[in-house]
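One structure, as structure tokens, below. Some questions next.
As written, the chains take the letters A, B, C and D, and residue 1 is the first residue of each chain.
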Amino acid sequence: MGALEASVDRASLFEFALRMGDNTLILGHRVSEWCGHSPVLEEDIALANTALDLIGQTQMWLGLGGEIEGKGRTADSLAYLRDAAAFRNLLLVERPNGDFGQTLMRQFLFDAWHLDMLKALERSADSRVAEIAAKAGREVAYHLERSSDLVIRLGDGTDESHRRMQAALDDLWPYTGEMFLADAVDAAMAEAGIAPDPASLKPHWQAVIGEVMGEATLTVPDSGYSHKGGKRGVHTEHLGYILADLQFLQRAYPGAKW
Amino acid sequence: MSPEERAFQERVDRGEKIEPKEWMPEGYRKTLVRQIGQHAHSEIVGQLPEGNWITRAPTLERKAILLAKVQDEAGHGLYLYCAAETLGVSRDELMEKLHNGSMKYSSIFNYPTLNWADIGAVGWLVDGAAIMNQVPLQRTSFGPYSRAMIRICKEESFHQRQGYDIMMKMAKGTPEQRAMAQDALNRFWYPSLMMFGPSDKDSVHSAQSIAWKIKINTNDELRQKFVDQTVPQAEYLGLTIPDDNLRWNEEKGGYDFSEPDWSEFFEVIAGNGPCNKERLGARVKAWEDGAWFREGLMAHAEKHGKRQAA
Amino acid sequence: MGALEASVDRASLFEFALRMGDNTLILGHRVSEWCGHSPVLEEDIALANTALDLIGQTQMWLGLGGEIEGKGRTADSLAYLRDAAAFRNLLLVERPNGDFGQTLMRQFLFDAWHLDMLKALERSADSRVAEIAAKAGREVAYHLERSSDLVIRLGDGTDESHRRMQAALDDLWPYTGEMFLADAVDAAMAEAGIAPDPASLKPHWQAVIGEVMGEATLTVPDSGYSHKGGKRGVHTEHLGYILADLQFLQRAYPGAKW
Amino acid sequence: MSPEERAFQERVDRGEKIEPKEWMPEGYRKTLVRQIGQHAHSEIVGQLPEGNWITRAPTLERKAILLAKVQDEAGHGLYLYCAAETLGVSRDELMEKLHNGSMKYSSIFNYPTLNWADIGAVGWLVDGAAIMNQVPLQRTSFGPYSRAMIRICKEESFHQRQGYDIMMKMAKGTPEQRAMAQDALNRFWYPSLMMFGPSDKDSVHSAQSIAWKIKINTNDELRQKFVDQTVPQAEYLGLTIPDDNLRWNEEKGGYDFSEPDWSEFFEVIAGNGPCNKERLGARVKAWEDGAWFREGLMAHAEKHGKRQAA
């Protein structure tokens, strides 16, 4: 592992861990906003469970990030003491919850990518990455099963549920392209065999989306425009508000133990 | 008492469990539906005050623990609605009654959670009081209710320990944290005492419930037990229970303590608590906003059923 | 003034200044949330103007508070570095904006009290209090003119505007009683001739409300229940979220100059 | 050119102001309505990116200044809609066109404000570029537009100074503040250059507008002037303009600089900017949610009018 670390840019590996962990942190935050407010008790349970998995994965990825960085930062200090421009999550996961359909659609679009990503990471040259991916992958397989099932049932449900799911898909679609864009960090990761080239995940993701949307009787938009910036810290205006809540206690009472 | 009623009472007295399909007095069924339903509603509404701090939990671990707890509560709601359903009342009917105000939930959830220590206090005091109520109900006469209680109690005692652990961290923390812990105890102490309900020495209703083993102890017994258990825990935390009259009574082997302000209790029951409107409003909004979702799933199930049949 | 300060409990005067300043700070915050989102351009302007007045008054009241306390705290440190339990505003002003009718009704109910309070404070035995009150009073007279006028026009407008205004009044009514409740701080202020006994403001306030609601064809609720707690730091769950946003930068970058 | 048109052009050439009731070519009227309306819409939509930081402004004074600024912008919107109304188009008609997408607002407002320094950058760069456009328009041929511009320019230059003052505090502040300031400059530099529009050397449209004194300078002239003014300001702040090609050109007496990415400009114009959907969505929502308010006021005015008449 020492050898491996030497062979790959530490800063890039750190960035990569942040990207994974910030995705799960911010999406976990968004999902947790639903607690007690969902349309049916089973969904309250499922959403709390999803958020819980995502926060657990955050602990692993940001923990790894801190370890790689080697400056004594922990998963908590990375989660609670960085400002928006230092966050590396995809813009998709910071989208507001909207109606329950938008929350589900966001989850599905992310889950489909997330599972493929984690599967690829299970074969990572970095054993720590592979280990986290294996653990997270089992949880995310279940997330995808659930979200794809619900997207199908609601897309092919009533006229209203169909309309809402299509609107959600149209709304979120421009935020999916960012998942497959590569930059120097991604190139370094791919080069070192630590993570896949993001673009390589696109065909299977598209196939999964196509299949589910087909069953859901929903139309995949043909717009090619992509919002981007999250991976390099240029976010939407929403992230600042998320962090104001998420970080309040750590910011207001620096150094306290909880 | 009719012969049927007598036989029923004898079974209860012998400690036998009554199962859903067996004969039971109408009053027994009705009381159980009300009690179990109210308990289920409390679990559901109880997600809200704790949910209020999930996005602001101070560490990832605390956030995860709180999420798990709120998830458990929704799960408890599910067990309890299932237990109520065995008595012939659907979850939707019960929800409807919650939403139109004809069924209640525990008044404690009409108090706000104002600082992070409140999440500790809810676990320590509110779950503590709930357990005090629920542990004896594991021996309740109605089988499905008893079995639900056994599962629930196991998880609740875990929650209580986690709540106490938060209080410990706060009480042993910075001066600000300590102040939050004390503030939380000040605000949650009397509402927790109210959770056992007013003294039931004159209540015929309570006597019948005790005979049926739907209720195992009197409210005052449980309240005393709760105080006796909690006072040393507060002392261990170095926190002060907001009651000048609190003192050990050697003779009775328990603490003397001040009664909560029952007029406040009845105000809150009547809808005038700090958060009644918002709690119920949040649940009604969730239900109404989610109508399209539930209808969508049903429509799909119907279509899908038809297609498979075709 | 030195003599006066000696004769009255400094801590009570400090509390009193916080109560005034926290009301204007929190209401100013709520009102400012509308910027750019109101139903008509004139309202965008009027709301920004109201918020601006309230923030200006906050600077004066909290500035006075810091001066009285004498521990070097400024209006800014009082606004930005206290947590919820140290805030002393009425619960009314932290109510969520709701629809525009609720925002207006909240403003009217508060303005009517605020103006009477400021008028009484113009005769304060503490000249600093009297001075601030005179300055703020001119602004608030205009706030009340505007809010009462709109309440009348919307109450006596369409069926829908009537319904919304009545719902707003019913909703907010239980939060008005707190304005007239006295505690030891109020007693000390009244005793020292610094501020009126809160209860003394009630008859005129009720008369103003009655008159305006009459013209607005709205029914004043006869419920006597009052939410309370704000004046002693026991707030609603909303305040914490307000402060998370309001204080973010000062909390995240302690000591920075802006 | 018809005799009327010739006479009109001669008045314009002499520097006379054209007033609303006077004859004007249809194209002049249309171009003005589009230009003034778009400017008005920009003021209104422009409230949103700055409004995003009002609740989070770092001091009470900064909050007050920002509130005053946003209020001014709404006021500018009002002047401009009034100026447009003198040309026979109502504010509601213009709003309708904004909401249905048939009229635009300045693309700059489709970029997000992501940190507090962005509020400084908006004042310094965005208002700076706006002033560069607007100062010459004080001499525009249409009277009401010219007078609106005179009022607006006075306030805008005040806003620009305030923006620069924020940048100064940030650029001379802690390392984190300095990083925010640089980040804001990095993100707002090219979008600010885009505010002058693409090079108009080949645009017939522009030539006609210049003849009519609706447009006074070419886009490229103004852009060059803006760069020349801004570069030394950035240097004074110790910030780096994100352009490797930026250098002083002695010969032309101005800076050489990189063109912005015009494909991005056209994408944003086409609706694919970072915030297009949210900005327009927020305005449409405000308008729709406020329908009952506007209708209520109208109904009251009608009733009240009738009553007074009766």
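Throughout what follows, a residue touches a chain if its C-beta (ideal position, glycine included) is under 8 Å from a C-beta of that chain, and two chains touch if they have at least 3 such contacts.
Fair warning: this is a prediction, and the values are worked out from it, not measured in the lab.
Student: Check every other chain and keep only those touching both subunit B and subunit C; list them.
Tutor: Intersection of subunit B and subunit C contact lists gives A.
Student: When A-D is set beside A-B, which has more C-beta pairs in contact?
Tutor: Between A-B and A-D, contacts are more numerous in A-B.
Student: Between subunit C and subunit D, what distance separates the C-alpha centroids? Give it in angstrom.
Tutor: Chain centres of subunit C and subunit D, defined by C-alpha means, are spaced 35 Å apart.
Student: Suppose each chain is reduced to the average of its Cα coordinates; what separation in Å results between subunit A and subunit C?
Tutor: So the centre of subunit A lies 42 Å away from the centre of subunit C.
Student: Mind pulling the residue numbers of subunit D that touch at least two other chains?
Tutor: In subunit D, the residues touching two or more other chains are 56, 176.
Student: By residue number and range, which residues of subunit A touch two or more other chains?
Tutor: Residue numbers touching two or more other chains: 83, 240, 244-245, 248.
Student: Could you draw the chains as nodes, link the ones that touch, and say if you get a line, ring, star, complete or other?
Tutor: Other.
Student: So, with touch as defined above, which chain pairs make the list?
Tutor: A-B, A-C, A-D, B-C, C-D
Student: Please output the residues of subunit C touching subunit B within their complex, sorted ascending.
Tutor: By the definition above, subunit C touches subunit B via 83-85, 171, 174, 225, 227, 229, 234-237, 240, 244.
Student: Considering the complex alone, what residue numbers of subunit D touch subunit C?
Tutor: 44-45, 47-48, 51, 54-64, 67-68, 70-71, 74-75, 77-78, 81, 91, 116, 166, 169-170, 173-174, 176-177, 282-283, 285-287, 289-301, 303
Student: Considering the complex alone, what residue numbers of subunit C touch subunit A?
Tutor: 83, 240-241, 243-245, 247-248, 251-252, 254
Student: Please name which positions on subunit C make contact with subunit D in the complex.
Tutor: Residues in contact with subunit D: 25, 29, 32-33, 35-45, 48-49, 51-52, 55-56, 58-59, 62, 75-76, 79-80, 99-101, 150, 152-154, 156-158, 160-162, 164, 245-246, 248-250, 253, 255-258.
Student: Which positions of subunit B touch subunit C when the two form their complex?
Tutor: Within the complex, subunit B contacts subunit C at residues 52, 56, 112-115, 176, 179-180, 183, 187, 267, 272, 274-275, 277-278.
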